[in-house]
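In the two complexes that follow, subunit A is the common piece, with subunit B as its partner first and subunit C second.
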Partner chain A sequence: MNYFELFKFSPAFDIDTAVLAERYRELQRAVHPDKFANDTEQQRLLSVQRTAQVNDGYQTLKDPIRRAEHMLSLRGIDLSHETTTVKDTAFLMQQMEWREALEDIRDSADPQESIDELYDSFAAYRTKLTKLLTAQLSSGSEEDALLAADQVRKLKFMAKLHDELTRIEDALLD
Partner chain B sequence: MALLQIAEPGQSAAPHQHRLAVGIDLGTTNSLVAAVRSGVTATLPDENGQHSLPSIVRYTQDGIEVGQVAALSSAQDPKNTIVSVKRFMGRSLTDIQSGEQAFPYQFEASENGLPLFVTPQGQVNPVQVSAEILRPLVERAEKTLGGELQGVVITVPAYFDDAQRQGTKDAASLLGVKVLRLLNEPTAAAIAYGLDSKQEGVIAIYDLGGGTFDISILRLNRGVFEVLATGGDSALGGDDFDHLLQAHMQQVWQLTNIDSQLSRQLLIEARRVKEALTDASEVEASLTLADGTVLKQLVTKAEFDSLISALVKKTIASCRRTLRDAGVTADEVLETVMVGGSTRVPLVREQVEAFFGKAPLTSIDPDRVVAIGAAIQADILVGNKPESELLLLDVIPLSLGIETMGGLVEKVVSRNTTIPVARAQEFTTFKDGQTAMAFHVVQGERELVDDCRSLARFTLKGIPPLAAGAAHIRVTFQVDADGLLSVTAMEKSTGVQSSIQVKPSFGLSDTEIATMLKDSMKHAKEDISRRMLAEQQVEAARVLESLNAALAKDGDLLTSDERQQIDTVMAQLAEIARGDDADVIKQAIEVLDEHTQDFAAKRMDNSIRVAFKGQSIDNI
Partner chain C sequence: MAYSEKVIDHYENPRNVGSFDKNDPSVVTGMVGAPACGDVMKLQLKIGADGIIEDAKFKTYGCGSAIASSSLVTEWVKGKTIEQAAAIKNTDIAEELALPPVKIHCSILAEDAIKAAIDEYKSKQAK
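Presenting the complex of A and B:
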């Protein structure tokens, strides 16, 4: 399923998320099971299936990583079930450093300050990766697509780091 | 009840006729029914003017008592008076007995470990007890509104898992009532405040009931309520405040070896003191023992606050996590809505106000707000307000996963995903010629199966015998708008649909429900086969009525040939439905279903086309 088509977007990485949200609500009004509460069982079932697609499409297009993955999969590069990892040594070193920083938070003098600093550095790095990704996805070349796939893998690493940081922050607050 | 309502196709209700539908708040402590009448939404009182029905059911030799009558006997006959049955819904007996709380009931375990209450009326399960609470509410509504209900919306805590939701729906099925939607309580509250007609923005709903705590974060935009995240604790509520106070008084009075009757008395007194402390800074607790001794003790608000402070803090921590899941901060929250009787506790209000930095909305009675919202939604869903812009997009509260090697969980749908949702996963056989495969579906956030709630086990059968790893089975997990799971499976290379037998871990199997339905019919001394026939006739009439409405609206999507074919098959069904063979009617419905498949798909596509009308790609 091409979610860009479902939401009437041309397949580009830069999409207007406000427009996306607006179209999502319009689509929901058109297909949601509550709009077919008095209809036949058949129509209701179909409505559940369509709404599920709309929901999945929205989640896919809303999230930059998933949107990029979707674009790549439409071009024949499937990242969702792959086991390939990043080979960029500098990147991996940086990951290890950050992982150590995560472990040190608990013992630091001001945990919240360390957390905030890490959030900032993660965000800055993500912005850098996303910039590269945007450029590589907009070019039509196969080579750029493969490079883009690498940015997506890196962004997934970053998302995991971010989640872990969130968990640590939660544990501190509870 | 609804089963007896049969309309001949030509004589079906006029499309603009007001249809009767109600909202029911099936609460832990109290239950309510509400309806929209002449544009006004209100809860419906019983003949004594009482709006709320205590969710208490007593089983005696002579029959079943529900509500206030049962509540009065609660202290004398705790063993047969079931209170807070909602806490038992979708739970195993082991779950219940591993908790700290002791219950005065005599339990038996059902075949699959469900709790059965042993009563003078025989063994009853939580679904049946809940049906007894729903029964007088439905009767009250039909009497007040003067007709049979076309459907009901029943509310459930947002945090309810699949088994708990299914149990609630089953309870309504036992009464033969059509459930239009299971609505999450917090969402219902937001509707009741009419927030949909007001501003756009983020709303937090803090719902502390008798037995459950829910926090939901919603985004509102032109009538669409989108639940961003929900969190909470399905085993924390005002009842726990009572128990803490009960334990405190028991300690102060140095009561030991207390029996279940005294314990219930103490609990009732604890509740009274808690409620009185809402408006007073100190209250005198008193207890009369069996020997006539009267014990007295002053309880101050400060004492009470310190007893419950840890629990209230726990709810605030939930709020913080849920805001985080929703991706918003406390400052972004426009309004906070308070739901549930326990939000009357001053400490709760203080803490919520402090956390969100604004005074919460409390103008609608927190005990009635949920039922009122449910009634508004029921009115819309049943078709009385076709122009309504209101749409609710809910999320699944807990992740769904399946058990993999080593007792680990593989997540299939993560929590806070908007529903309906469908996810497909592929599996393969690991033995040559393997024709069956077993699955275990769980719900929860932890990595180990043992730490999650078991939802169901199912077996895929009829896999074509192939070499190990050659069969690719695509299993689709679908969660509908009510948050209920269904599973389908297909072998990809051959397209063979595998059959699935789902055995709910803590719910009732289809067979059990059928048996319970039959039992209830026997009870009503009705002829089962006649009932089955009536049921199919009603179903046929429903299908024809809905299709007629669809054809009137979207008939122009069909070519005249297609239209003629559908008309013919519809006429056939109408004819067959006049006969007296339930199975033949059922088949005729299926035949009509096949003939209208394309029409259904065309309608859906058209609906989308209309929604996007006038919009070119990338532009609004």
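Presenting the complex of A and C:
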């Protein structure tokens, strides 16, 4: 299933999420099971199926990591089920340092300041990765697609760091 | 999900946590990460002139299974030759720790960490 086609987008990484939300509501209305309440059993089942597709499509396109994974899967690169190990030492060293920084938050003089600094660092790095990803996904070459897959893997590490930081911040506020 | 007793033991009393001085010429480092869960693992080996692994240390950010896998590996590699250490398979680790299928990738990560450290050793030797 090509979700870009379903939502009438050209297959580009940069999509307008406001337009996406609008088309989601339109599609939802068009396929909603209530509309088929008086139709045949088959028609109703189809509507339930299509509703599930529309929901999954929306969740996929809304999230940048899942959207990029979807684009790559349409090109035959499956990232969602892989167990590949990342071996980029410089990148992993940075991940370790950030994980250590997360551990140090609680003991820092101004935890909120440390948290804000880390949010900024994470955001800056994510922006850098996303720029590379956008360019590599827009190129048609196989080589760029494989590089794009690497950016997606790195963005997954960043998503994990971001979750951890949010969790620490929530715990501090409690 | 229930962890096995061995995983809990390694998780609660991890063996050989920490770091060696990375400027020590006998120390090599293997860094690996798993994008699916964001786990990061660092395995350091101290290797003697005779090619025997004298000591090992690890630092892992990840779930209990990832920590247990790396802790176990540091115990296993000590006293082994490079070839013996390179022969450790993720299936050995998964079996010893009774890892469920969804945590097999943690044992793969630990195997890859040994391989990454040995690769660094070999490239150092070649210099």
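Quick note on the criterion: the second predicted complex is superposed on the first by the 162 of 174 C-alpha atoms of A that agree within 3 Å, B and C clash if a C-alpha of one lies under 4 Å from a C-alpha of the other, contacts with A are read in each partner's own complex, and residues count from 1 in each chain.
Keep in mind that, in the parts below, a contact is a pair of C-beta atoms (placed from the backbone, for glycine too) under 8 Å apart; a residue touches a chain by one contact, two chains touch by 3 or more.
Keep in mind that this is a model prediction, so the values were computed, not measured.
Of the two partner chains placed by the overlay, only subunit C lies in contact with A:M93; subunit B stays clear of it.
Touch criterion met: A:T84 reaches subunit C, while subunit B stays clear of it.
Contact with neither subunit B nor subunit C is seen for A:I65 once the two complexes are overlaid on the shared chain.
Of the two partner chains placed by the overlay, only subunit C lies in contact with A:F157; subunit B stays clear of it. The larger set of touched subunit A residues comes from B, when the choice is between subunit B and subunit C. Legend: residue contacts after superposition of the two complexes on their common chain; A:S47 is shown touching subunit B, with no touch to subunit C.
Those residues of subunit B lying in contact with subunit A across their complex are 151, 180-181, 221-222, 224, 226, 317, 320-321, 324, 380-383, 391-393, 417-422, 478, 480-481, 542-543, 546-547, 549-550, 593, 596-597, 600-601, 603-604, 607-608, 610-612, 615-618, 620.
Interface of subunit A with subunit B (complex): residues 8-10, 19, 21-23, 25-35, 37-43, 46-53, 55-56, 58-59, 166, 170, 173-174.
Within the complex formed with subunit A, the residues of subunit C that make contact are 31-38, 40, 42, 59, 61, 104-105, 108-109, 112, 116. Residues 79, 82-87, 89, 91-93, 95-96, 99, 152-154, 156-157, 159-161 of subunit A are the ones touching subunit C in the complex.
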